[in-house]
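There are two complexes below, and they share chain A, which is joined by chain B in the first and by chain C in the second.
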Partner chain A sequence: MSAALKPTALQSSALAFLSRFEGLRARLPGDVAIRDEAAGILRSTGLPGPREEAWRYTHLRSLAEVEFNEPLTPVADCADLLSRIPDFDAPRLIFVDGRFRDDLSTVPSLAAVRVGGPAFGALAQPASEKLVALNTMLAEDGADISVPAGVDAGTVVLVSLGTDLHGRAVAFHPRHNISLGKGAKLTLVEIAVGDGVYLHNPVLSVAVSPEATMTHLRIQDESRSAFVLSTVYADVGEGGTYDSFLLALGGKLTRAEIHARLGGPNAIAHLNAAQLLADHQHADFTTIVSHDAPNCASRQTVKTVLSGKSRGVFQGKIEVARVAQKTDGYQMNQALLLSPDCEMDSKPQLEIYADDVKCSHGATVGELDAEQLFYLRSRGVPAAEARMMLVRAFLDEALEPITHEATRTAMEHAIALWWERQAA
Partner chain B sequence: MAADVETIDTVNALAEGGYKWGFSTDIEMDLAPKGLNEDIIRLISSRKNEPEWLLEWRLKSYAAWLTMEEPDWAMVNHPPIDYQDLHYYAAPKKKPGPKSLDEVDPELLKMYEKLGIPLKERAILAGVELPEGEAPQVAVDAVFDSVSVATTFRSTLAKSGVIFCPISEAVQDHPELVRKYLGSVVPAGDNYFAALNSAVFTDGSFVFIPKGVRCPMELSTYFRINARNTGQFERTLIIVEDGGHVSYLEGCTAPQRDENQLHAAVVELVAMDDATIKYSTVQNWYPGDVNGVGGIYNFVTKRGACRGARSKISWTQVETGSAITWKYPSCILQGDDSVGEFYSVAVTTNHQQADTGTKMIHIGRNTRSTIVAKGISAGKSNNTYRGLVRVLPKAEGARNFTQCDSLLIGNQCGAHTVPYIESRNATAKLEHEATTSKISDDQLFYCRSRGLSQEDAVGMIVNGFCRDVLKELPMEFAVEAQKLLAVSLEGSVG
Partner chain C sequence: MLEIKNLEAAIGDKAILRGIDLVVPKGEVHAIMGPNGSGKSTLSYVLSGRPGYDVTGGTATFDGHDLLSMEPEERAALGVFLAFQYPVELPGVGNANFLRTALNAQKRARGEAEIDAPGFLKLARAEMKRLSMPDDMLKRNVNVGFSGGEKKRNEVLQMAILKPKLAILDETDSGLDIDALKIVADGVNSQRGPDFSAVVITHYQRLLDYIVPDRVHVLSAGRIIRSGGPELALELEANGYAAIVAEAA
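So, the complex of A and B:
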């Protein structure tokens, strides 16, 4: 590309992040070499554009139009934001604008937690995911949680608060790393809320050792003006389980990307999600499941409910390597369009190199079934209530596998609130 | 115009049983020099005595092509194609002389023997007259390399007002129709290969069905790639006016070659109110040998426009040949209540690569589309289904059903599914399902225990797997296609 050409908005935006990095470079914690490498990637490729296959449905133009600043050291009590976090009887780690807040947090006793710097981990691929490169370049803080072999660490809550303290847009790039020893267990509940315009660009890596089980439940209820671009890497060893669910309600432009690799025989991954969108929201749920060992199973149920002028995106890829015989892969993706102006784009994908496999995917897009509505209406259920019942029933299939009672209740509450907001 | 004796002989030799498809005919060729530039395009145009507007269109396409890049998104790999190392024009000067069968690869001969060719029209081409009123008949427009050599049944068709002729002739005889519709479905700059085709296409078929006419017979064309280093750039244009109906059959064979041959065809279909077009293809071009040497590169743009209300376009394809297939027969459903269908079987073995599927663009109200795609991969091949279903905001009540199934035979092959589903209308209802599996041991055991050989059992199971598609084929093709499937997979089951 010729330097004489006028840079596009995406290029300018990448340059702005790069110059912020130049300013911070000396002060950022940890190994600077890994950051320089990430900066090199961004410098040569820029932010992902619509011509890239993985980004064909999610354009970062609106992100590029915003000028983001370094978060100020948070001093506020954040009481208002904190009040939105459901009460769990569990230790919680609170990050405000991407920085750990000791004064607000309670540290778990059964898992070792280290904070005060980015937990880079070994799984992330900044070379292939540009937003991971962005995170790698600018990550300041994060939680490094490790559960020793054989220990059930119970539930840990990881909270992100995005503030609107000074009326200026901030960008934060937390970097978390979770590792579970052999046979260990952990339920990580991630909750993100916020106010105002900001960019939340977290990367979270999860290493699940053989026979270990990680349950990862996420409630993304961020500011309706926020950009949320998250990436999760999960690597599951023999007989291990990574069981995840994402409820996405908030944000203006969001993308949740999950790369799950089943690296040992008999490993299991569940990547379930429900997206509820309104107004002009844009939400993208992108997953890549790599079956790299025999006898593994992956399951996905993804439901999207759209209203207003919102746009939902689902991209799900199942890759089955030659060695991964006896793979069982299943993916179901359904979208419900409640208003005439919304849009759903769905791209389920199979890439299979082993013959003795059972892989399938299904996708449906449509509106509420008129016959079902009629059935309820003819039995005296008011229209609005009938619609709500059908939407709830639609979402139930995705929510059903969640066994963590407190989280499930919190999610159902959040969905009820969402519906009230729509009805109002 | 009746086909003269010489032409009939030529075509007869082409379809003759003993002749089969596995070697090149030693015909004196009128070749343009290798390479592609404006002069070559002018040469093609002047040889064909084309009007000025067509030459301009070709040059415009060429200019567009120069600015484009070869697409790389498909899941196929091949060495870079040197577009300057091809002949863009070849016309036979003399009729072919007979050739000894000894020169034919016995493997290929064996395959064709097993296939047999149930070509009813062979007798007709040889000059045997059928009793009056015998049906169904098949009209053949044989494309011998780049120039259409013969078209039969012209008079029968002409009686009902149907025009079926080489497109180069249509340019001379019906320029107003060609000018109106050429490039109206696949614009010159649509994609890299379509642009190339628009610049250099030499011949192809032209079909025009006037208002209210049901074409009295199935139309058929047999393409054949023959000359060494000749890229084939057919252009097919089918127009069916209000209430018309046509069924078009396309079959392809190619002689064995060590060099890869490029084939970049464009097919355009236009269906007006209440018109129906059924387009069936059996493609068994030379796929390369067991080691992946040679074989045809088949980069084809096929698209149909359902312009009128209640119009219908149905694509059926059985793809077993070609080293690389890059092909997405599509339907643009503009007319209200129009219907698009795509039925496909793609078989890949050895080192073949297929990236094929369809696009259904729903624009009009209550438009409906059905996609049934069956992919079978064996050997070291890769087979990808790639499809797009797009519903635009005005397509109230649009409906799509998609079913993609892949069958893997052996653990060295790959089967991939890449569907895109885009809905911008809440009242649209879209369903997509895809499965991947292997031939189950239970099914095999069942057949084997009843005395079927392993290969027969696999053939039977595969035919069952493809039944939904094969039943859409016209009779003429259905038998051939079934045999083709079994023969293609021979030796891949162990």
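So, the complex of A and C:
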């Protein structure tokens, strides 16, 4: 029976990663004890499988079929990939196949940045997620960015380029850590592009001190043959804000998981996203918001546009602890199906242990509205342009809160290109 | 000139239009009146190309072009404009963007130069002033949160900006108070000229006090059963549809 075979494939894939670790163990930078702990976890549990509730809709089977190798030391100028990165008037940290490239990067002046090894941070623990364990075991590099108390560090761009220069599939596991001091501010724009088959498995921790504001804007436009499994841990102190938006267009099989903990009173988390999927793409957006203090607010507006035979997944969990009175939680997932062969799985989960809270959630799945389409066409707008206008309008609610002008422009551009590809 | 010959249309198996003959010469405004269910709205939808209606017979041409074989956007570029009875809300689409996209799409289809954003704003503001519409209606999403009267005024604004050669007004008077009715009528009247013709579909004579038609046609059970001058509308108002329908039967 096939059900018995799947864990085996996943298990052998985990073993391949473990044996890679054994070979690299002596050469990997930093603390080896935490890597050994991670390896122990992977050895006993393997990669996440379909029997786990959190992985019911996203199977790593196709990933387990690929043999991943160590990336070679990159020397190429990556001009073609870099040309896909919009020009921001801001310092940018460029990682090629998971390794920092000093020659391509510009280092920010208002934030302290350390590179050259994994920035493990304290928030993401190998024991909490298997993909974090995999990352911890094999992480080679990452950015450790810290913004001192009271400093507005402006914008920093974090770029990941996945190359196809190795002639075979590679895997990289960057480990980033961001910390904001009390009242500090940072806008981190993450842009990821790539070519060919690879696994990008980044883990990023974000510690937001009281009264600090972290704006985290992400454009995931990776290779359409790539596996992208990202995990973010954000912890927000009293009166702090973690405001995040993910635009996901790329990848073959992707999952973006965010754990946001509101640990002090009056903290805010926004976990908004737009997914635009085509062909056989599979994209999973999974969020876990933990309200651990009173008077906190969380907002999630997730919009998914599906065409071809693509599949979208949204899993949104809101946990409200007993102490988290006056919690204000909102979650909305809307999907627009452009073809009869696509699929959306939407799973809201509310776990509420406080008695004075306001939590709402909703999910809708629909097609383009025929009335709206005719209205536009009756005014002279050609059918394809009218459909684009309605798709863009559908995304508007999720994009609207993005005030960072350059990112907004880059996202509009990426969405327009996505549409051109569909129309072609 | 709009020429409709023996036009028949159905929704699924249900025949709605059962042989309409109508000629609206250039420069003229014709009113179509009739009881509910007579096919007035269907006629407007068939002429503008709304999906879901099967044309089962007859022809409709505008300035010699076969309307029925064209896409809705091609009809619009040719100069056909439908003012909707129930204007559609477009959340996430700004009114200004909508209007400029539509205008430029039509210009592009006709091989004309497109209008830039400042030029468009100037044009739109002037037309809005004439229609007593506040400037902020350009910034709002199309018809979202508009009152019934605002929606109808927005239809007339679109007409004023797109400058069609043939306007089909589908019960544009419904839901309007008398002041809004006058504004809407003024908007239509300001388009009148040798190159503008209109088909005004209405239930009530009231609108025709303000948009005085050249001809009035009575539609019943999918056919035009009587035509006449503006006085026909007054007769309908006085005697109701029943008498004329009975007479025609």
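As a working rule, the second predicted complex is superposed on the first by the 417 of 424 C-alpha atoms of A that agree within 3 Å, B and C clash if a C-alpha of one lies under 4 Å from a C-alpha of the other, contacts with A are read in each partner's own complex, and residues count from 1 in each chain.
Throughout what follows, contacts are C-beta pairs under 8 Å (C-beta built on N, C-alpha and C of every residue); 3 or more make two chains touch, one makes a residue touch a chain.
Just so it is clear, the structure is predicted and the values come from calculations on it, not from any experiment.
Annotation for the three-chain superposition on chain A: chain B and chain C fit side by side. By the touch criterion defined above, A:G362 lies against chain B but remains apart from chain C after alignment on the C-alpha atoms of chain A.
Contacts of A:A383 after superposition: chain C is touched, whereas chain B is not reached.
By the touch criterion defined above, A:L15 reaches neither chain B nor chain C.
Once the two complexes are laid over each other on the shared chain, residue contacts for A:L82 go to neither chain B nor chain C. In the superposition on chain A, A:D396 contacts chain C only, with no contact to chain B. With chain A as vertex, the superposed Cα centres of chain B and chain C define an angle of 80 degrees, given in steps of 10. Touched residues of chain A were counted for both chain B and chain C, and B has more of them.
Superposition on chain A leaves chain B and chain C with their closest Cα atoms 16 Å from each other.
For the contact definition in use here, the chain B contact set and the chain C contact set of chain A share no residue. Those residues of chain A whose C-beta lies close enough to touch chain C in the complex are 370-372, 374-383, 385-386, 389-390, 392-397.
Residue ranges of chain B in contact with chain A, taken from their complex: 73, 393, 406, 408-438.
Residues of chain C that touch chain A in their complex: 48-52, 71-73, 75-77, 81-82, 84, 87-93, 98, 101-103, 105-106, 109, 158, 162.
Listed in rising order, the residues of chain A touching chain B in the complex are 53, 322, 325, 335, 337-367.
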